[in-house]
């Protein structure tokens, strides 16, 4: 099984993007950071108790699915939209939605456009082979407008083309827009338009056919959410072990051994939280208000706070 | 040097009109002095054989007669026309002088007939039909009319060389130059080419021929010239040349060649 | 019966004299090469004007208006600035080593030195011990280079290939491709010459397949499809996969080059070898291949050059060779300026050019020097 | 050929091996059988692995996806294409774009290459050196780098359409959106001009034949080239004037962000064309040079000795022979150019690889099928080229004994 | 055909041991019948000269003696070994039979010495030193020991051909085959090669030689064979052959060749 293989080689092989600030991006020292990266570290923590027991494969949009299908990577955590065809026809399954996103548009302020409705006839920069490319087409078609696609295989190339003025509009998931805006030669000259034209549930995926590994992928994510819901943080996880709350006890493996059923230790969730913190911490660390991206929780707030992030209980 | 009409053994006549005159001709390849003060007068109807060791300048000399090589000092007069840089004069001389090369240099992409008619059509501005008729007469003369529509690659070496001779004759030249015409041929084919050349000589064509075929020299030449190191070292009427060479280099050369 | 009228014997040898003055010297050269005919003179003037028109702006951009020093983009974002060489010097380390960790870069340097130490003597015809040298280059050096670069043994820090980049990767891909394609190419060429139909057909299909498709699809295949061909769980390095693709691709081209050499060997050489009772492999090894390979040295070097240039395609599958890493640095906000891309590309072009041009000159040199065989 | 076919001759002396081991025929069969087994086994292994991998991962397979709706747009298409078209249509769009760039690239590269190749043999030192520098520079730099250079370092620096460089005399505009040129819209009566053009070509052809026949009959040469040129330009022009200028020009106008109307040559297209043309032309130049030099000097000498002038010698003797040497390698350069056009993927020109092995592969995830189709397409190109070359070689081979 | 030991003019002896035997040998190139029922017995010590028009099958015949060509019918026995498909036997025969080609076929990438030692080292498995000593003795015998470290390309044609002979001798063959060994040479060099061959003949080597050098045939051959259209048309002792050819084709051929 995948878990055995992973244990044997001693690390989790995780597919990430070739560089998208806030989600998966190598820092100056070459260490990977970001929300997608932290999810992989969480999985590694669950298996090995060590958030560093993970290796990253930067993948282009084209390579990502075959890399997972062929077993080259164990988890794909690469701002990938959960769609039905991907979930059913490509031999992969999605483990959850780590980020609720939607596609938007960015334009140079000098263009004088304030709404996506004014974009008729525009040249649009978009990354090749993404759901973004399809949504874009659908949106313009539905609005009775025309556009001229300028597509590249790699994100850098799309960025460079937009920055040099090759196109009028940049479109991708709005989280991405914020990240990309930062890399423009002058970020203040660009604005994100208010329209969101699609649902983009981004989440990690694993290969079909290995229920145990699928369960680990799912429940690591749920553990992160439950931890936030219960107020368990990286800092207080040890004290919380002595909490009286039965929900906390079950999550932290003090009461019952839920880890066993997915092939992990009883304290698997403790390891996860110790390794990377809870979902809220991950979010704030990578993309939240105090990062250059400055993204509000919005849809990604817990259900208890009006958002969509909701985890099944552990019992 | 001779300046009177004379009678050769085989009964061919030589007029005392001058056909070619080389006066103090010198030529250098870069620093290398190939032709050194060559003086030579050829009379109309003369048949001259040139021999000498490899690298002695034989080819260079006969090639400068139709300006395939440019000489740098001295004077070459062919058929009354002095060879200078003037393209028109060069062309005129080349029309009067035919040349046959060691490696035939037939045009491989043209048939035998086309090889023969190319120059008459484009240089002499002859109608094709007439050119072809003339070509056929000459091909008959070299005894290969039946090959007219083949390509050079399909012919044996001896046949190719005969075509090359016919091709030159089609331009109706007054003088023929031969540069080792038989040395690239198999022994059995040498004879057919030499026979063709003998035929030409008998008709009184002025000929200069670089060759080591001493039998040929004996039979048709009225003069044999021996060259060495860019000079004419010795010349004589063939019988005397072979039986009684004067210069020691000539003697050495003949002893090697007639083993 | 000597005919005294035409008989002539030279009495003295005329010594060689130097050629007349107007045939040599610089003036004669100018006349012959630039103003020989009116048409020739006209060409000289027109081409000369064109050169005078286009050369100065190019030189200005490259040298006279170029920015040689600076700490960031501000130095290069000035009106009329030429090439931003400051960018190249700031990023030079990356261009050579990629993201290979700083403290470990001595290992790369050592590999470069070891490579040069093997290559230079093998390239100079006069140096003896060619056999030992070849053993070093084909057996010792690759092993040393492998351990030095990847590490993980002898207390060397392991360095993932994902961190390799720049000229290092360009050279690794090119050298491996070359080293692997030569023996493979020889076998394929012999296979294609074989009289055994199965061997011949297999070789022909193999060669024609790889020669028929663009390298980029081969690289896509190796990066996307190769994992699917293998049993589950076997997966290997991305760089290694690219190397496999490049090696197979270039071996097909190499095979055709070598076949050309085999065909150029006169039949007499095969017969000579056979008449001396040498067997097939003996005549190939002792007589035919040494000559065939020598004849095709220019062809081999040309395919090396092609391969070296083709290494740049690996950037399309996300491996950062020299060109890839140069491009990657254009996005550095600290250095982005209108002239940055041009500067980076010109630098990369210059590096590629140096390698390819010197290889082609070298092949011309070898061609002339080793030409003992067929000329007097 | 007396090449020995005794493959694998070993010399284990004295060992009492059965006699058939020394029979090259039997030996050949054994060797071949082993090889065949190896190949079949390898192929079986790969195929069974792939099938197992695909099944295990529950990946859809088969070529049915070609019928599905594509759902994405392509920026340049020679046929009607919209997001409602199928993946199969997308394949066609990519294929046609590849062919378009290949045909144009071949056209320009041939012209530039011949000019440069002949210039490299010029007696003029300066011209020779300039051509040499051109060839040596552009030949020794990867074509991908050249494409990127033109695209990102040159064309990307052009101003936006609003500030684009106007070529008012042409009605064209050059900006970072490419070169926008007016489109000629034929009106009623334009067909007459087209017909005139066809007639002119036929007439030129006839004149050439007549001229040749006359020369063959009377020996008089004729200036066919100039007369032909005059006819081909003059006749359509005349028709155009007579019909009262039956053509309108659709000039591009700036509307919104972009130009509307006219023909847009996108920067991706221009960069690709420029890069491929320059790169390939250096190779063609070398081929042309080698081809001309392959005709032995003896051929020229023989022609000179017959009194032919240098110009005629070149035309009648050198070129016909050089072309035989030039055409085969030239064809393979054409094929190379076509294959190199796949680098379009790096600069976003929608060629076959970019549209099909890029977008379609990503949207469907059917990597095996998509890559197989792409490779097969290129293989067809190369087989077609090889067939042509074989035909050419057999037709043009110098006839020999 | 002669089958008794005899004494040749130059006093060389011939045993009555059979060296080579061809019985009813036939060969076709595709449809073309090159060798037609060739019967030939060569005794040890015989020196046979083969002549005939181009394309008559001379080369084919002597090349099939060491299996450079495969015959399709009949039997060839060399030194007691019958030539079949058996690689081992072919190799054995080739070790006993030396061959010298028209175009020398020296290996241009090896020095003269290496050319001579290659086969002894790799086929006879001789130590290098010994092979070199042997090579040097043979190079002395052909009078070019001083060229041992040069490359073939640096030698004249005559010297190259002598090296080719030495190279064959290094394998210590019992029989030597020559295929027009002098026809690719400049006339000045023919003599030195013929002299070398005469030397060999005087030592009693069994020799088959295709050549048109009739002087050589007269001097050393004990039998001259004339071939035409794939058949042996006439054979005889040289004096008789030249002075009194029987077959009309022989007569025609001799008249052409001795022009």
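The chains carry the letters A, B, C, D and E, assigned in the order they are written, with residues numbered from 1 in each.
Note that a residue touches a chain if its C-beta (ideal position, glycine included) is under 8 Å from a C-beta of that chain, and two chains touch if they have at least 3 such contacts.
What you see is a predicted model; the values in this text were computed from it and never measured.
Identify the chains adjacent to both chain A and chain C in the sense defined at the top.
The shared contacts of chain A and chain C, listed by label, come to D.
Chain with the smallest distance from its CA centroid to the overall CA centroid?
Closest chain centre to the overall C-alpha centroid: C.
Would you mind reporting the rotation angle for the C-alpha fit of chain B onto chain E, rounded to the nearest 5 degrees?
175
With contacts defined as at the top, give the pair, A-D or D-E, that has more of them.
When the contacts at A-D and D-E are counted, A-D has more.
So which chain is the furthest away from chain E, centre to centre on CA atoms?
Greatest centre separation from chain E goes to chain A.
List the centre-to-centre spacing of chain B and chain E in whole Å, with centres computed as mean CA coordinates.
Here chain B and chain E have centroids separated by 38 Å.
So how far apart, in whole Å, are chain B and chain D when each is placed at the average of its C-alpha atoms?
So the centroids are 50 Å from each other.
Can you compute the centre-to-centre distance for chain C and chain D, using the mean CA position of each chain? Integer Å is fine.
24
At least two partner chains per residue is the criterion; list those residues in chain E.
In chain E, residues 68, 87, 91 touch at least two other chains, as defined above.
Can you tell me which residues of chain C touch two or more of the remaining chains?
220, 224-225, 227-228, 230, 232, 271, 274, 279, 282, 316, 327, 330
Which positions in chain D are in touch with at least two other chains?
Expected reply: 2, 6, 9, 11, 53-54, 56, 152, 156-157, 345-346, 361, 367.
What pairs of chains are touching here?
Chain pairs that touch: A-C, A-D, B-C, B-D, B-E, C-D, C-E, D-E.
Which residues of chain E touch chain D once you look at their complex with the stated criterion?
Against chain D, chain E makes touches at 68-69, 85-89, 91.
Show me the residue ranges of chain D that touch chain E in the complex, using the header's touch definition.
Per the stated touch rule, the residues are 2, 6, 9, 11, 19, 22-25.
Once bound in the complex, which stretches of chain A touch chain C?
My answer: residues 5, 18, 26, 30, 55-60, 62-63, 66-67, 69-72, 153-154, 156, 159-160, 163, 183, 185.
Chain C touches which residues of chain D in the complex?
1-11, 28, 31-33, 35-36, 39, 46, 49-50, 52-54, 56, 122-127, 130, 136-137, 139-146, 148-149, 152-154, 156-157, 339-340, 342-343, 345-346, 353, 357, 361, 367-368, 371, 374-375, 378-379, 381-383, 386
State the interface residues of chain A toward chain D in the complex, per the touch definition above.
61-62, 65-66, 69-70, 86, 89-92, 111, 120-123, 128-130, 133-134, 136-138, 141, 147-153, 157, 160-161, 164-166, 168, 207-209
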